[in-house]
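Let me begin by handing over the structure; questions about it come next.
For clarity, chains are labelled A, B, C, D and E in written order, and residue numbers in each chain start from 1.
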Amino acid sequence: MQTVFSIAVDALAYGMVLFVISIGLSVTMGLMRVVNLAHGAFAMIGGYIASYAARDLGLGYGVAVIAAVVGTVIIAIPVERFLYRRIYGAPELTQVLMTIGITFCIIGIANYVFGPTLKTIPLPSGLQGSADLGFRTIPVHRLFAILCGLAVAGGLWYAIERTSFGVKLRASVDNASMAAALGVRTEIIYALSFAVAVGLAAFGGVVGAELLPVEPYYALRYMVTFLVVVSVGGAGSIPGALIACLLLGGIDTTGRYLMPEFGEFFFYLAVIAIICIFPRGLAGRTK
Amino acid sequence: MPATPLEVENLSAGYGPTRVLEGISFSVPSGARLAVLGRNGMGKTTLLATLAGQTKRYDGTIRIGGADVTAMPSASRARKGLGYVPQARCIFPTLTVEENLFVGLKGRPKSALEEAYGMFPRLKERRRNLGNQLSGGEQQMLSTARTILGRPSVLLLDEPLEGLAPVICEELMAAFAELAKTGDMTILLVEQRIQSALDFADHVIVLERGRLAWAGTPKALSDDHAAVERLLGVGGLH
Amino acid sequence: MNAVFEVANLKKSFGGLAVTNDVSLSMAPGDRVALIGPNGAGKTTFVNLVTGNLQPDSGDVRLAGETVTKVGANGRVKRGLVRSFQVTRLFLEMTSAEHVALAILQRQGRTGRMFGNFLAMPDVMDEVSELLSTLGIAHLMHRKVNEIAYGQQRLLEIAVAMALRPKVLLLDEPAAGVPQSDTGRIEQALADLPADLAVLMIEHDMDLVFRFAKRVVVLAAGTIIFDGSPADVTKDARVREAYLGSYANASHAA
Amino acid sequence: MAAVMNTEAGVSASARPHRSLGRDAAGAVAILIVAVIGYFLFPDNLALLTRIVAVALLVLSLDLVTGYCGVATLGHAALFGSGAYAAGILSAHYGINDPLLMTLAGIAGGAVAGLISGVIILRGHGLPQLVLSIALIHLFHEFANKASSWTGGSDGLSGISADPILGYFEFDLYGHTAYVFAIVLLLIVFVLLRLIVRSPFGMLCRGIKEDPLRIKAMGASPKAALMKMYVISGAVAGVGGALNAITTQVVGLDSLSFTLSAESLVMLVLGGTGSLFGGLSGTVIFMLFEDYVSAANPFHWLTMVGALLIAVVLFAPKGLYGSAAAFFNRRKEAGQ
Amino acid sequence: DTIKVGVVGPFSGPFALQGKNFKAGIDAYMAINGNKVGDNTVEVIYRDLPAADPAQSKALAQELVVKEKVQYLAGFYFTPDAMAVTPILKQANTPLVIMNAATSAIVTKSPLVVRTSFTTWQTSTPIAKVAHDAGVSKVISVVSDYGPGVDAENAFKAAFEKEGGQVVEAIRMPLSTNDFSPIMQRIKDSGAQGVFAFLPSGPTTLGFVKAYNENGLKAAGIKFFAPGDLTQESDLPALGDAALGIQTTFHYAVSHDSPENKAFVEAAAKAIGSKAELSFPAVGAYDGMNVIYKMIEATGGKQDAAKAVEAVKGLTWVSPRGPVSIDPESRHITQNIYLREVTKADDGTYYNKEVQTFEKQGDPGLAAAK
């Protein structure tokens, strides 16, 4: 029984970390309809900035997180202006080509500038160590990630479903020229949403760095994982992504405990099963 | 005397390399109701779309309320008071009816939605439905209501009656006439049912292969049997 | 009466809203039926149910006596039940000729063929040109659909349906978006259809309805409220109020 | 008026088939010419050229389902790898080293993998479909990793050898035989595919790509057609896999990898989807470019590849071949 | 004459660091020994192979031989890549000097293969004795599910059982595992006193070691044994305190105290840019170059693979890692294996401190296969 609880806690923590890192992708992919394979690259940039701020400059963790988010957004602004703006509404495969190209470039540059070694982001003492749950201990930073995940999920859901910004964003995506004909400044809406998505990527990259450490190949190494959880959840749906992360996190964790040698099989069979039952993802928006 | 709501000079436009419109010029006085007629594929939709800033313009100028909007993107023209109801309806499929209307509000308070519901009670019943779940006629109502909510000073209507029940058509045409009269709204109407259009309008232009082939009053057009036969191809039908 | 097409007690609701409410209808070969009704009455839904694009909650669809409720949409087409779409559904990147040729080849069961090009099949090409010129869009034969005006697309939509040589043809607002000058072509095309074909047409253009239909069915709020001759329908008070408005008073030369 | 236009249309209709037949022949000749040029341009690098042909077969096969049927997949290497392993296992475990038999085994292996992939991938649409394909390729990969007694696991399947073709042409270090063999396979596949994509079946598939529901309303079953195409695609990829196994004499897990799948998709889009030449030119250009920059700077060439991809999207959004073809078509139209 | 050496390795992609170390080792060797052997000038040509891809490997090797006319092939980080090249060596008349790929069987595929790195069997065997000496009798083995992982598991198991210990459970986990908490739970539940682990160097190592600490295994006194891939020097700064005290056996530590190593580290650190990035592939490459130089010397610059390989059989020299020799029969390197413990230096950096030496270790993997 204790083991069951213990696995459940691990699954929750793992799922939430996945959620924090990939939710930004749900925004770009589901709401802006850009298959943004460079999501991981932006998360990685965030990680590098945070690592540089906290480790090399000795700034505090909080400052490092803010620097990472702001810095990544600043880097992303010209990228959005000159590259992404060209592929909004383009066929998915064209978007794949462009964003893979961007990813390659960012990897190459990161490798050149920071070298191929792992970069860590030192945690503040408050997040180090483990918390005692009674039946087991859990690293404090994972609790922190769970909280961050919940906060992000709530905030984002509100912004998308309840604010006029959210309505205008969804309208622009459905039919940009019609939205424009109704007076919506789609370019600004897009740029803002992209900034939010990239900011979330950077934030997730930093918060999740304990689990997915920052190194140049990060951008490609976890690309598939992000893509899978977002699509299984139903791109663009915050609750969907949350459920998918918890579900897949749970299956992955349990599978890895019970039969580690078949871990991959469990995970991907579950993915296939879920999509066969929910062909548009768990909470897919109908197109 | 307010500035002329819409002036078009020597407009040429099209899609990519294909030119569809050629040297179109006309202007519409305030509160006017202009019918744009023409046979299949003659460029009516292209004309309205170009005015709304949605197709490629090669040449010419467009002025709204005296201001040159030729270089402006679609959204800015809308903010200058241009309203466009496209032929394809362009409902936002993943938004609910209410959210669709909300986009058209242009910053007016949410309570203004009631205006739309007053015009089309059917929409109120369906207000939580997603756009792509609506029937053809309901989509048409939504598209029209959405644009009117923004209180445009120039309203471009591309076949707004398509797919609507006869009762609704009558009510809607009456409502448009009312808007033009009291709402200080200038209306351009593209319509296939020539009689409805002529009943409604006080000016008519006819397009023929992308060029302005005829301009005048409805009465003059009705009397000009040759032109009707040649340009609209319906002479023999009645 | 030997019905080629029959629906019995068809029901469908979307989340509590009963859109089709116990609808029964049958058509004999050669029938020309107009289905009219207010917007949102459930006409398109009815067609979707009948063609298999939607699954009914209950009720049956029969074609020439055979129950096809469990048959997929394509299976029903093979059995002779063909529809057109209210909002055109065409292949934007394909030419008009390809659309019609595809329908012809499908009808002939030749779409599985992996060799040979339809452009080199004279029988197919002749039929394609013939159909397209009947509808007056032969000059658009090799134009891609995304380059032709909406009204022309509407005509092509009908050409595709006719190319399938149906036994029962369901037309969902075929004339919507087609200019008055060209509705004549549609009428002509309909008139040229084989006499034993059963046609059901949804249309809001009453002039067309009255010229075309020998029988009018009125659907309101998912229920059939009238089924009778065109002459009687204008006299029905409920139909006048719910649908026709002042049109009923206007003189129409039918 | 309609009658006049009709005759015009009739003329152009009868003119078309000849042109398309001519273009088919010209296509095959063009490939042959490029192959000969390649032979003389890179006489010392035939191994690379042979590998390009193998990958080109994979990309062509991907084009069949992605470009012609609209199925987005990031798991197409499953078909290629299955072909490669089928050919490899035939040789390494059963001692059957005849290249033609190995190719047949590859075709069979690829077709079976195509069938399995089709059954699974066609259950989703859009993004979920993409994810199904990702899941699938990982399962294939894991399976091959686990079945190491058959596949050699992560160490790769070695011990493959290939007899001389028809008992006469031996595979040599310089790769002459391998290259000629590869080009012959490519030509055969190309001509067959050319016929298929222009056939009524090919037209049906293009229709499915645009609107499967409309196809249903025309009485055809999209699913059945797609399955058929998937099997054909598997056979084509299988030829590529077998070619790879025969000429390199090892099969690694990478031939069943996500990376190879993703790369082949990139090459296809780079060249232009929905045309066979798009797939071919994308592969050739991508692989030569990659070979060149990675030799020039083995450490930082990835950035260059990334820049190439971005540049293509910016300046040739329909892919290199697709955009060039569109450009010339427009020129021609303007000229007429 | 110019004698060309073609080096294939992962110079970009996820293993770029290892490839960089290849180059650092080669550069260091040539910086110290010059680029001339007799009258011949040695030129190194690099080809990138970012991940295991035997077909590409073979194409590259063929290109190097046919087009670039290299006389020696060298490098190779992954086993399947090396395996793919062995069939062409004879016809190409080139020796293959393996600078990393660590599966025992490669040397049996062609008599022209010489290896100057190590095998997983070689480095994983001595740790069994270490475990036994530490009083541990029940161990759980946890490895990544791929060739080297399986090798490590088998090597450890064979050796540990010979010592009289028991491997209570052997877990193989997918290479792509990121979250090791459930594995740690398994380890806890197994009741073992120690864990033997093998993962490829890189981010997963970091996750594994952190999970070991954070899930309280370290605190519970479960001992950690592994071959040195797990604590390669370039990962130590990231691992930080989490790695302190971990004992690994390996053929080389950057901290090895000898004049040869001092010179090597200085030259290699200069080549790679920062000492922190230096790790074991560099020394494999360094010694690989040494072997190639000897071959060139023996053949006088003529292309004669058989003679070249013959010349280095039994060759003995002092490498930066310590005294080594090429076993004449297997053509694999015989070397000392060191037990090292991760320690914090006075300047706050971490290093592998050598605490015990197992001298003149051959490759037990080949014997096991027979």
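As a convention for this text, contacts are C-beta pairs under 8 Å (C-beta built on N, C-alpha and C of every residue); 3 or more make two chains touch, one makes a residue touch a chain.
It should be emphasised that the depicted structure is a prediction, and the values quoted were computed from it without experimental measurement.
**Student:** Report the chain whose CA-based centre is farthest from the CA-based centre of chain D.
**Tutor:** B
**Student:** Select the chain at the greatest separation from chain A, using centres from the mean of Cα atoms.
**Tutor:** Greatest centre separation from chain A goes to chain C.
**Student:** Could you put a whole-Å number on the gap between the CA centroids of chain D and chain E?
**Tutor:** Spacing between the chain centres: roughly 38 Å.
**Student:** Between chain C and chain E, what is the separation of their C-alpha centroids in Å?
**Tutor:** Chain centres of chain C and chain E, defined by C-alpha means, are spaced 73 Å apart.
**Student:** Just how far, in Å, is the C-alpha centre of chain C from the one of chain A?
**Tutor:** About 48 Å, centre to centre.
**Student:** By the touch rule stated above, which residues of chain D touch at least two different other chains?
**Tutor:** Where chain D meets two or more other chains at a single residue, that happens at 142, 300-302.
**Student:** Which residues of chain E are in contact with two or more other chains?
**Tutor:** Those would be 12-13, 16, 20, 145, 174.
**Student:** Multi-chain contacts only, two chains or more: what residues does chain C have there?
**Tutor:** none
**Student:** For the complex, give me every residue of chain C touching chain B.
**Tutor:** Going by the criterion above, the answer is residues 14, 37-45, 86-87, 147-152, 173, 176-182, 184, 204-206, 242-247.
**Student:** Any idea which chain D residues touch chain A in the complex?
**Tutor:** 66, 72, 120, 123-128, 130-132, 134-136, 138-139, 142, 146, 258, 262, 265-266, 268-270, 273, 300-310, 312-314, 317
**Student:** Please output the residues of chain B touching chain C within their complex, sorted ascending.
**Tutor:** Chain B residues touching chain C: 15, 18, 38-41, 45, 87-88, 122, 126, 133-138, 140-141, 159, 162-171, 192-194, 232-234, 237.
**Student:** Which part of chain B faces chain A closely enough to touch in the complex?
**Tutor:** 52-54, 73-75, 78-79, 84, 86, 90, 92-95, 99-100, 102-104, 106, 130-132, 146-147, 150
**Student:** Quick check: in the complex, which residue numbers of chain A touch chain D?
**Tutor:** Those residues of chain A that touch chain D are 29, 35, 83, 86-87, 90, 92-94, 96-98, 100-109, 111-112, 224, 227-228, 230-232, 235, 261, 264-265, 268-269, 271-272, 275-276, 278-281, 284, 287.
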